[in-house]
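Submitted below is the structure of interest, expressed as structure tokens.
Letters A, B, C and D mark the chains in the order given here, with residues in each chain numbered from 1 onward.
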Amino acid sequence: MNKRNKLKIINDPVYGFITIPSELIFDLIEHPYFQRLRRISQMGMSYLVYPGAHHTRFHHALGCVHLMRKAVSILRFKGTEISSQEEEALLVAILLHDIGHGPFSHAMEHSIIEGVSHETISLKFMQSLNDIFGGRLDLAIQIFTKKHPKKYLQQLLASQLDIDRLDYLKRDSFFTGVAEGNINSERIITMMNVADNELVIEEKGIYSVEKFLVARRLMYWQVYLHKTGLVAEQLLIKIFKRAKYLKNNSVAVESSENLDFFLKKNVSESQLNSEILTTFSKLDDYDVISAIKKWTTHKDFVLSNLCSMLIDRNLLKIKLKSKALSKNKIAEKLKKVREIYQISEEEATYFVFTGKTSNTAYRAKEEQINILYKNGKTKDVAKASDQFNLKALSQPVVKYYICYPKFYN
Amino acid sequence: MNKRNKLKIINDPVYGFITIPSELIFDLIEHPYFQRLRRISQMGMSYLVYPGAHHTRFHHALGCVHLMRKAVSILRFKGTEISSQEEEALLVAILLHDIGHGPFSHAMEHSIIEGVSHETISLKFMQSLNDIFGGRLDLAIQIFTKKHPKKYLQQLLASQLDIDRLDYLKRDSFFTGVAEGNINSERIITMMNVADNELVIEEKGIYSVEKFLVARRLMYWQVYLHKTGLVAEQLLIKIFKRAKYLKNNSVAVESSENLDFFLKKNVSESQLNSEILTTFSKLDDYDVISAIKKWTTHKDFVLSNLCSMLIDRNLLKIKLKSKALSKNKIAEKLKKVREIYQISEEEATYFVFTGKTSNTAYRAKEEQINILYKNGKTKDVAKASDQFNLKALSQPVVKYYICYPKFYN
Amino acid sequence: MNKRNKLKIINDPVYGFITIPSELIFDLIEHPYFQRLRRISQMGMSYLVYPGAHHTRFHHALGCVHLMRKAVSILRFKGTEISSQEEEALLVAILLHDIGHGPFSHAMEHSIIEGVSHETISLKFMQSLNDIFGGRLDLAIQIFTKKHPKKYLQQLLASQLDIDRLDYLKRDSFFTGVAEGNINSERIITMMNVADNELVIEEKGIYSVEKFLVARRLMYWQVYLHKTGLVAEQLLIKIFKRAKYLKNNSVAVESSENLDFFLKKNVSESQLNSEILTTFSKLDDYDVISAIKKWTTHKDFVLSNLCSMLIDRNLLKIKLKSKALSKNKIAEKLKKVREIYQISEEEATYFVFTGKTSNTAYRAKEEQINILYKNGKTKDVAKASDQFNLKALSQPVVKYYICYPKFYN
Amino acid sequence: MNKRNKLKIINDPVYGFITIPSELIFDLIEHPYFQRLRRISQMGMSYLVYPGAHHTRFHHALGCVHLMRKAVSILRFKGTEISSQEEEALLVAILLHDIGHGPFSHAMEHSIIEGVSHETISLKFMQSLNDIFGGRLDLAIQIFTKKHPKKYLQQLLASQLDIDRLDYLKRDSFFTGVAEGNINSERIITMMNVADNELVIEEKGIYSVEKFLVARRLMYWQVYLHKTGLVAEQLLIKIFKRAKYLKNNSVAVESSENLDFFLKKNVSESQLNSEILTTFSKLDDYDVISAIKKWTTHKDFVLSNLCSMLIDRNLLKIKLKSKALSKNKIAEKLKKVREIYQISEEEATYFVFTGKTSNTAYRAKEEQINILYKNGKTKDVAKASDQFNLKALSQPVVKYYICYPKFYN
């Protein structure tokens, strides 16, 4: 295959077309490690609320490449020098930034590969691909690990207004049909600039930044933390907790070879060798959902019930509160579940449980979004806005929830 | 023409289709009073900044009818009784709510028909049409004048989240291409309800209301108060001030008969008889722009220069500041203009002037947007939001500007 | 749960919102039979070409309900009487019209459940649900089986311009991002009417019908019959053919219990009892893809190779021709594959094979699209169009293809 | 003003953003000749049918610049060499290609500036601007006048699939809300290539070309030749015919100085000197509509009646037929009008008249759209399409109309 054939154009309902800009990007996309992302849903269980939300991490990664090219082109137009090597490194880094995500990773990080973040696994994959591609990912890894002297390059990759967010918020809004979450990613990018080695937004973009933060908060509460999605995710966590428990107690719990590997043993970061990485690279949504489907007929009452709830979308009831629930109320619900289901107290905790969820729209302390004024000075957006109270948006909002079977009212 | 023929469908790029729901609405649209609105631009001089912004008040009024029907249908679905007479009255009232707008009315209210609001003139038109249509507008006028016992009906017509705003923000965002101003009007309407005789928004709509307020503020600063639009509007005011001044000093200033009428005499509300209303009903953008085109060759230096600036889009320079400019600086600029143009001090004030403009995103004091909770209680959105600081959005933002010819730097 | 709670609004990126119009529809959606459609992709393997094409049959069915309601409302507006029972029956029938689809059904109908159409299985499901819901689906089944005296009701369900096509073409165009396939379903529906008990399109809709047919043809050649999708589907067929062959020859080929059932035995229509229906109702994309993933490591060279091709998207090469390939050329390619892979002639046919594919944009002979003129007469659109040569579009277009491994050029 | 400031970004609802790519383009846009296009509606009287259709030739010209840049970039990507001088010349030529349009030019070319095409006047303007800009438009004029050796450059400017059409069809579809006329201009451009010095479309674009032709035909019959727009245009022609007649017979008919100039004298191409060009450059929609408004009260029965019809949108009735009307029927209608209006036979012909209108979707004879095959050969799209009968689309469709006052039935 000659080089020309690798210059491909891909249809994307969000941006119209995405062009594959280089042979290296093309070859990375072709690699089975990356192809796996076609089988990893971007939004986990959210399709139970928003039936359109079946888009994948594969698609998001391509969208990020598209936006990153726009950003590079805008910054160059405004006089920032970005070499073609740096551009390719940025594109590679954004293409692979999520490659370490496992299936339903928000739930899985609490149950399967405990304590190892997806960023860590992404880096392992990049390093492995760097070996395969003869060191051509060196610069990308340098940016990804925040070791590049041009700070704005890594801010394009990871900051409060990075390309990742500019794609996923727009894409998730698009596929869920939650039109209010739609952000004008391309417009925000046209407002980007570099000042003092940092990525900044020009003054006239201030209202767009505000709107971005409000849209982001809206997406959190209406989509990412939607109570039905929340309860589905908790069920997933409980299911894997139960499966591991049963396995530890010598009860047969069948699943695919790859999934079984991770159910049997806890993998810590230091154990993440290339063999385990290969096994991980074969794990996707199909392993998880197939296992759950199989377990709907498992003889263990807890496991089979939890699994049926998820498959038939007959979920636990969930209530959101602004305060934590009293212990008495929880105990009362646990008691009733024990009676009706005829199960042990410990088993009842799979069906009645509480938790909390929180979101902060703007984390001013961690890393600011800076506004560049015409006089060349920069200011944190929270102080730059004439009116918009970003101090308020900087406070985390915490909501408490309780889940329990539907026979309760 | 039989009734069937009056059930028309009109293409609208914003909503797809707008259906004309009744014969009365159809006949009102056909009336020359309403047809005039085809020649009144919705956004005045904004097309000098946003070349797509040529949509008319005619189009906006039809869009309002479309949204009002949706609102009535949603409220009925949720159990609020709205009779078919009340529905038609609402549709008539929203169709005609802006019929009193003259051409470039923001500028003209300061220069042509001083001190008479367009709402007052709209009411005069409604009363006149009510005579023509044999009293069939009685109920519409009752709602428009806030005399109807069902308060939520008039709130649909005029409040902080009324149908008027839900259409014009969306429509103006659409035609300007300022996509961030796009609001999801149809979604907000699905969240409407009635509690205690008042229009409210259901709890789950709270983020949508916030986003609406932020989008509204964005539209104000990026579109309605855009500095180029601002200076064009000020030029228009100055042009008519000058034209009146010249007429008062017996200098011939030709314009169309209808415009000439209003240039010659100041009309107060009490003088608004049916004859004057008829003259007003013939006044539109074409009278104003044609006059300005003609005056570009007027012998008066001030008038012809101001007019050429507008026609050739070679406007005064404008600077926005957060504080008022010092008198010294203004005097300095006035002096230079006098010297270069060789004009009097009074004449120089047509070319160098200052002003201020302000906007308040949410006027909590005047009329609240109330959120309805599942327990039946309502709360002002400024207090209901977990995080969003609407107190901040309730503060007016004031900006000061100065305009002067471009030979200054 | 009271009735009110069942009146739900679902976000849909295609239409904005879809309202669940009745309790029966709500309960049918909740049933596990229907929930399964969440796990059946609408477009099979097309996501290998169009990464956005992950939408499901669940979503399509809801979209159909939405459009069907519009159609009923338009026909009533134009004077056709449709009772509320008939309306609900139409909605039920369209909701369930695809419930008999298995995973990747185009491929599977040739390999797993040979010779039983998905319409037949849909009807079995409807009958089963009719038992569960106490006969409330009687009228829906009557329309679905074309036994209702009002012919236009069944034409809304199944004809050349039915609600099914109006949704899937629009939806598939939306999710693939092939914008030229976008059809204006809502506009076409506003042109529908009834004449002589038949569904017709009003005269002014003639250009829209033409555009619909051209868009449909475009979608066929650019999407549904795209060569990459075609080769993926053929691989799927070959994989299952091989799996069955191995099983028949006592080689262990593991898969989920449900899939294994259909691999082991051929089911004919007469054998489709309720037990088999229940097994079928548990079969979805996850069974199929999980099996293929597992088989990538199968010891059979043919099976494991075909499976890896699909999982890693490293497909066979495919060439489309307007004429069938000469037998010599095929024999030559088969020979080379045998040599390189060191496999038998029969095994080589899994890697080198030919076929043909065809499409007819408008099947005038089967059932016409009739245009209604203002004088009340109707005419076949192929004759009504002033210019558009629908005779041409009525000819089937046949294309021949050959597939073979990529080491050939 | 430094060069940096001239690199502007303009919001466009159709494409999102349009970038002004060079200082020369910026300065041409600023020139009063071009600014006039802000006051020339693109679609004449069509807003009487489609209330959104108020976009201007100014906007269309900017859109063309945007698409032309895309086309140049695509052709370069595919290996065609286009120098930066040639690119700028293309952009200048497309920017100015319609600058010679007068107000309501389709009507005016038959009544005001008889027999001089807008292309001729565009060239005059280009030559005048070339003088002003010191010969920097030489190359643009060479392309515009088809004297450039690279034929594909002028085909980008003027052919059956040129940038002009790709913008106006999309833009007119957008603003009218006739969504079926929407074409995917950007996709068609990605299919462009050059073969044998000619602009061609690559093989895979064949369906898109077909869809473009069908959309174009749809726009003609549903929009450009819509009967209400047609009758409005005819009224405009009649109005100016009457105004000229009255002037020739010494009846005072007032209008703006610029319009009056063209009403008084017929200008032939050879007379088009720079003075007349300057007068023409001041003529816009405002002169025309203002005159018509003024004439609604003219003492001449014919003139005032025709004008009122247009202003109040109380138009003549129009009927479209596939054959010409019999002379008897016309005579009968003329007679009735004479009796009711009490006017002369000659005067009656202003109210009762016939005509014909025609459209050819694809003019194969004039200039083909050529399809480029992978083997390097090209073929006329009418022959290349497997099925689509472009011979049919190549036949002109003629429709006859008759207009008469509404008191007839």
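By our rule, a contact is a pair of C-beta atoms (placed from the backbone, for glycine too) under 8 Å apart; a residue touches a chain by one contact, two chains touch by 3 or more.
Predicted, not measured: the structure shown is a model, and the values here were computed from it.
Novice: Most remote chain relative to chain D, going by C-alpha centroids?
Specialist: It is A.
Novice: Which chain pair shares more contacting C-beta pairs: A-B, or B-D?
Specialist: Top pair by contacting C-beta pairs is B-D.
Novice: Over half of the interface residue numbers used by both chain B and chain C, so same, or under half, so different?
Specialist: same
Novice: What whole-number Å value describes the gap between the mean CA coordinates of chain B and chain C?
Specialist: That pair's centroid distance is 50 Å.
Novice: Can you give the whole-Å distance between the Cα centres of chain A and chain B?
Specialist: Taking the mean C-alpha position of each chain, the two centres sit 44 Å apart.
Novice: Just give me the whole-number Å value for how far the CA centre of chain B lies from that of chain D.
Specialist: So the centre of chain B lies 32 Å away from the centre of chain D.
Novice: Residues of chain B touching 2+ other chains?
Specialist: Touching at least two other chains: 16-17, 179, 187.
Novice: Enumerate the contact residues on chain B facing chain C in the complex.
Specialist: Chain B residues touching chain C: 7, 9, 16-17, 77, 186-187, 190.
Novice: Show me the residue ranges of chain D that touch chain C in the complex, using the header's touch definition.
Specialist: 179-180, 182-184, 187, 204, 207-208, 210-211, 214-215, 217-218, 221-222, 361, 386-389, 391-393, 395, 397
Novice: Using the touch rule from the top, collect the residues of chain C that touch chain A in their complex.
Specialist: Its residues touching chain A are 10-14, 16-17, 30, 32, 35, 38-39, 47-48, 50-52, 54-56, 58-59, 62, 174-179, 256-257, 282, 284, 286-287, 289-290, 293-294, 311-314.
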